[in-house]
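Down below are the structures I want you to see.
Okay, so subunit A shows up in both of these, paired with subunit B first and subunit C after.
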Partner chain A sequence: MAARELALTALLLLGVSLVVFVILNLSPGDPFSVLLEGQAPGHAARASVHEALGVPTTWYGRYLAWLGNIARGNLGTSIRTGVPVAGEIARAGPNTLYLTLGSLLVTLLLAVPVALYSASRAAGALARGLRLAVYLVSAVPVFWLGYVVIYLFIHRFGVFPLLSGSAEPARHGWLYGLLPIVVLGVANGTVSEVTRHLRGELGRVLTEDYIRTARAKGAPVWRHAFKEGFLLPMTEMIASKIPFVIGGAIIVEQVFNWPGLGRMVWQAAQDRDFPVIMGIALVAAAFVRLASLLRAVIYAGVNPRTATD
Partner chain B sequence: MTRPPLLEIQDLRTYFYSRAKEAFIRSVDGVSLAIAPGETLGVVGESGSGKSVTALSILGLVGGNPGVITGAVHFAGGNGASGPRNLLADLERYVSLTKHDGRIVAVAKDEPGWRAHVERALARVRGKQIAMIFQNPKSSLNPFVTVGQQISEAVRLHTGVTHASEAKERALGWLERVRMDSPRLRFDQYPDGLSGGMCQRAMIAMALASEPSLLIADEPTTGLDATIQSRIVALLAELKSEFGVTTLLITHDIRVVSRLADTVAVMYGATVMEHGPARDVLAPGVEPKHPYTSALLASLPSTQTNGRRHAVDGRLPVIRGEVVDTMNVPRGCRFHARCDRITDAIRARCMGEEPALATVAAGHRMRCHLHPGEARGG
Partner chain C sequence: MRRYRESTGEVAERSERSRWRAATLTDRAAIGYGLLVVGLVAVSYVLGAVGWLPDDPSRMDMARLNAPPGAGHLLGTDFLGRDILSRLIVGIQAYFLPGLLAVAISLALGITGAPAIASIIAGKIQFLRQKSFIEAAHVLGLPTRVIVAKHILWYNCAPLLIIQATLGMGEAILVETSLSYLGFGVQEPTASWGNMVQAGANYFFHGKFWPSTAPALAILGTILGFHLLGDGLNRLLEPKSAS
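== the complex of A and B ==
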């Protein structure tokens, strides 16, 4: 089974890389024109750049060359800076990991209590109010909230100086580190769906016959409802929402000038820095795949019956 | 009844509120029953007559919309307890009822407070003193936990056994006692890997494992294959003679009741129509009988000589007419629309006045104008 999953993962990554590569090659602009900036490059000039760098002229030739490098564990070098892509990703990756996982945590910290509360007090006015609040919050665009927060904290109240994320902020550094997480966690658009799913699943499980049995035998309901009513929907939500969080991270990193992969890929897209874009796309796809593998592992661990399907 | 009852239900009423129809569904409407220690009380009646809701009300397990539960459930279980205790005591604190013509017409309820109170009041009763098994054994077991662990959990929760290994030994012992084949193998299996019959054996093992003073079995054979049904009935009979655990046995299957019950209560339209020793209530030909009980007995396939029943789509013959609608309980006797024993002499009373549950013989009560007996209780 593990071998099959690995093969699937490899196939998926291959597919993603091919699609991204084709899109990049179809879109106007040439990565190497960066090197000819300020000139009006003719066809001959481009060809000479390609030749000087030893780059194949057809797109599939370039893709195969890229694949060959990947097979040797080499993500290539940035066309713009000449720095190895792998090193760049390793440097910026943790910042994005922190942002995605941290904001996912914020999302769950918002969604879980509301879901639990409204699953147990479905009819209450407070539960309804909370659900409405969560729904409204989900509708807030992430860039808008980001700018509002920046305006309030930096320009209005001057809590910390305007800075580029690379330098260590002098005051309130921890707060500056928390803001993007909170903004992304609140406004990544998934809070309301996570709440609804958790509440729905928990509510459904609490009416299952086996929960009634647990009550009748005097066992803690939570012990019996935990797996199907909490663990599985949580896993499901985390695995399926990670792509959205990654998408939101690209925006939040722009807004907060956060030195992560999102800002890097944004910059690379403007520069047509293909190796950087490809490298980051690959890492993002691997991350998403990892999340769904984790979900499969948890599902299988919870009940051997599900391991077969 | 000479011994004081282990469980005595007095005028239990459990109503659900239907928002759509803006009316109360009177699922249990004035049920009074008693079970003596060591006895098996069989509650029988057509589907929808309020049997399950009665059982669930005892343990505070009634789910669904906010509704009313009134009356008393006196339970004398627990080792050396100081007399019977009303499991429904103080519930009225959380509800205010508006009555009109003696009928409940509106309820205001502090639902969270009510639920918290029920959990507190029944914390040491559920599982420990009263255990329950259900219809659909497969869905009633937790699919994510092995059968063995679910039984050991009952042992550890209620018997003072704390060591996992000892709890496991006890659980295995119970699996053997319910005649589970290869108990050691089954112990580590999930309910999904077991047949319906095996799951019901596991449920019974789990219920008995906590050594309760009262066992409530709600339709323990319903939904199982016919051969499995008779095996489960045989097992229950065997366990009854072996352990003599007091049992409230609920079923729509009169044959199950006649095999297992010492006392029988016949329910119809959310209330008890007849209540007495099994031999008096169920034996054919023994009079007096409630017309509904007679009709139930006549509907059994083994008494096909009777001309009054007729088969519906080739299945069990049934009693003519609709089961009474508990939202609009008719005036008069609940059964009068389907009753074939109404005489001109009593017709007006049957249609206008609900008969009381009257004693017709020692320990035998009946709700019928044909057998007025000496009126008592209701």
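== the complex of A and C ==
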């Protein structure tokens, strides 16, 4: 079982890397013309750069070379800066992890109370109002919300200094770190679906026979409904919404000048810095895969029958 | 047309009309707003495609940069004095057909959201197979493929597909606006809602909110409409989804 999942993961990452590599090679521009920018490079100049950097001229040659390095645990070096990609990812990765996990928490803090409240029997006008608010919030474009927050907190009220990347420790630094997390958590576009799914599943479970039995016995209902009505839908939503949170993180890091993988990959895309893009794509795919493995583990824990296949 | 619905263990018949009548006011409002948005987007798409616009979306009016909404430019102008309303209408081109295509592919073949949709439909088929009208169709001697295609997929899963398509379109708009915001989609000077927000960013921080906010509100209102329509239809057509 574990070996099979591991093999599947490796296959998935291989597929992702191949697709990203092909897309990069099909899109206009390559890192070497960025290096030779402004020099009107001829064919000979290109060939000499390829040779000087020891890069195969065909795309599959370059892919196989990259793959060979990966097999030896080497993510390569950035073409733009010459710095090892692995080190850069290790440096910026924690920032992005902090941002994505933090904003996932914010999303859940918004969605769960609304879902629980509107799944309970007391649901009325207030629950409808809350649900509408949740829909409204999910439709807000995250970049625009970022502008509004930056304008209010930095330009209008002056709570934070204008630049966050300076060497001296910024005033209210830790608080400034909370802004992008809250913005991404609120406006990553998943709050309404998390609420809807959780509310639907919980509502369905609460009408099941075993809950009626529990109620009749006077046993605590929430303890019986917890696994199927809360844990499973939560796991499902977290695992399936992680790609959206990662996508939102690229935007939010851009808007807030947050030194994470999202800004790094955006910059690398501008420079056509293929090794950096490939490395980050690999890390992101592994992260998404990890979330779905976690979901499988939790499902198997709740319902051992699903573990057999 | 009649559909079958299970309630308290018995299969009951309900017509479309009574379903709409039984819907809550909130659901009706949600579906009404959603249909309004879908209609507006579709009409605007056609207007943009044939070029019936209030103004040329690339004509610069240097006398009126970042103008607020008013006479002459109904929704104001951007940082180059271009008419925002015209650019919003033209910007629909950026996601309309790609979005439809993405939704169609994911429904038919199954690339993006397909595992989710496929499992929903599989569950639904499992549920329907035990129903007596399917048994009746078998007894009447209809071939299995006709039963699956017509009685299960068309009569009973069509609403499900419409709902998924509606929600999928909202997702497609989110993806397109994000990409063009980041500069990976439609490029200036061609308009898309995402790059319009981005183009107005510098002016936003100097108090000229409108050029960024207008396209942002367009995104907000449209995605909201698709979500409300999808979920409203879901509650109307699939009450207490099959377990």
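Assume the second predicted complex is superposed on the first by the 299 of 309 C-alpha atoms of A that agree within 3 Å, B and C clash if a C-alpha of one lies under 4 Å from a C-alpha of the other, contacts with A are read in each partner's own complex, and residues count from 1 in each chain.
Here is the rule we use: contacts are C-beta pairs under 8 Å (C-beta built on N, C-alpha and C of every residue); 3 or more make two chains touch, one makes a residue touch a chain.
In this text the structure is predicted, and so the values were computed from the model without any measurement.
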First (subunit B), second (subunit C), both or neither touched by A:140: second
Partner chain in contact with A:295 - subunit B first, subunit C second, else both or neither: neither
Contacts of A:240 with subunit B and subunit C, given as first, second, both or neither: second
Partner chain in contact with A:269 - subunit B first, subunit C second, else both or neither: second
First (subunit B), second (subunit C), both or neither touched by A:199: neither
Partner chain in contact with A:216 - subunit B first, subunit C second, else both or neither: first
Partner chain in contact with A:228 - subunit B first, subunit C second, else both or neither: first
Contacts of A:303 with subunit B and subunit C, given as first, second, both or neither: first
Subunit C contact footprint on subunit A (complex, rising order): 128, 135-136, 138-144, 147, 150-151, 155, 189, 192, 196, 200, 204, 240, 247-248, 250-251, 254, 266, 269
Subunit A-touching residues of subunit B, taken from the complex the two chains share: 59, 61, 63, 66, 111-112, 123-128, 131-132, 134, 136, 139-145, 153-154, 157-158, 190, 192, 203, 206-207, 210
Contact footprint of subunit B on subunit A as seen in their complex: 121, 123-124, 207-210, 212-219, 224, 227-228, 302-305
Residues on subunit C engaged by subunit A in the complex (per definition of touch): 26, 116, 174-175, 177-178, 181-182, 184, 194, 197-198, 201, 204-205, 209, 212-213, 216, 219-224, 227-228, 231, 240-241, 243
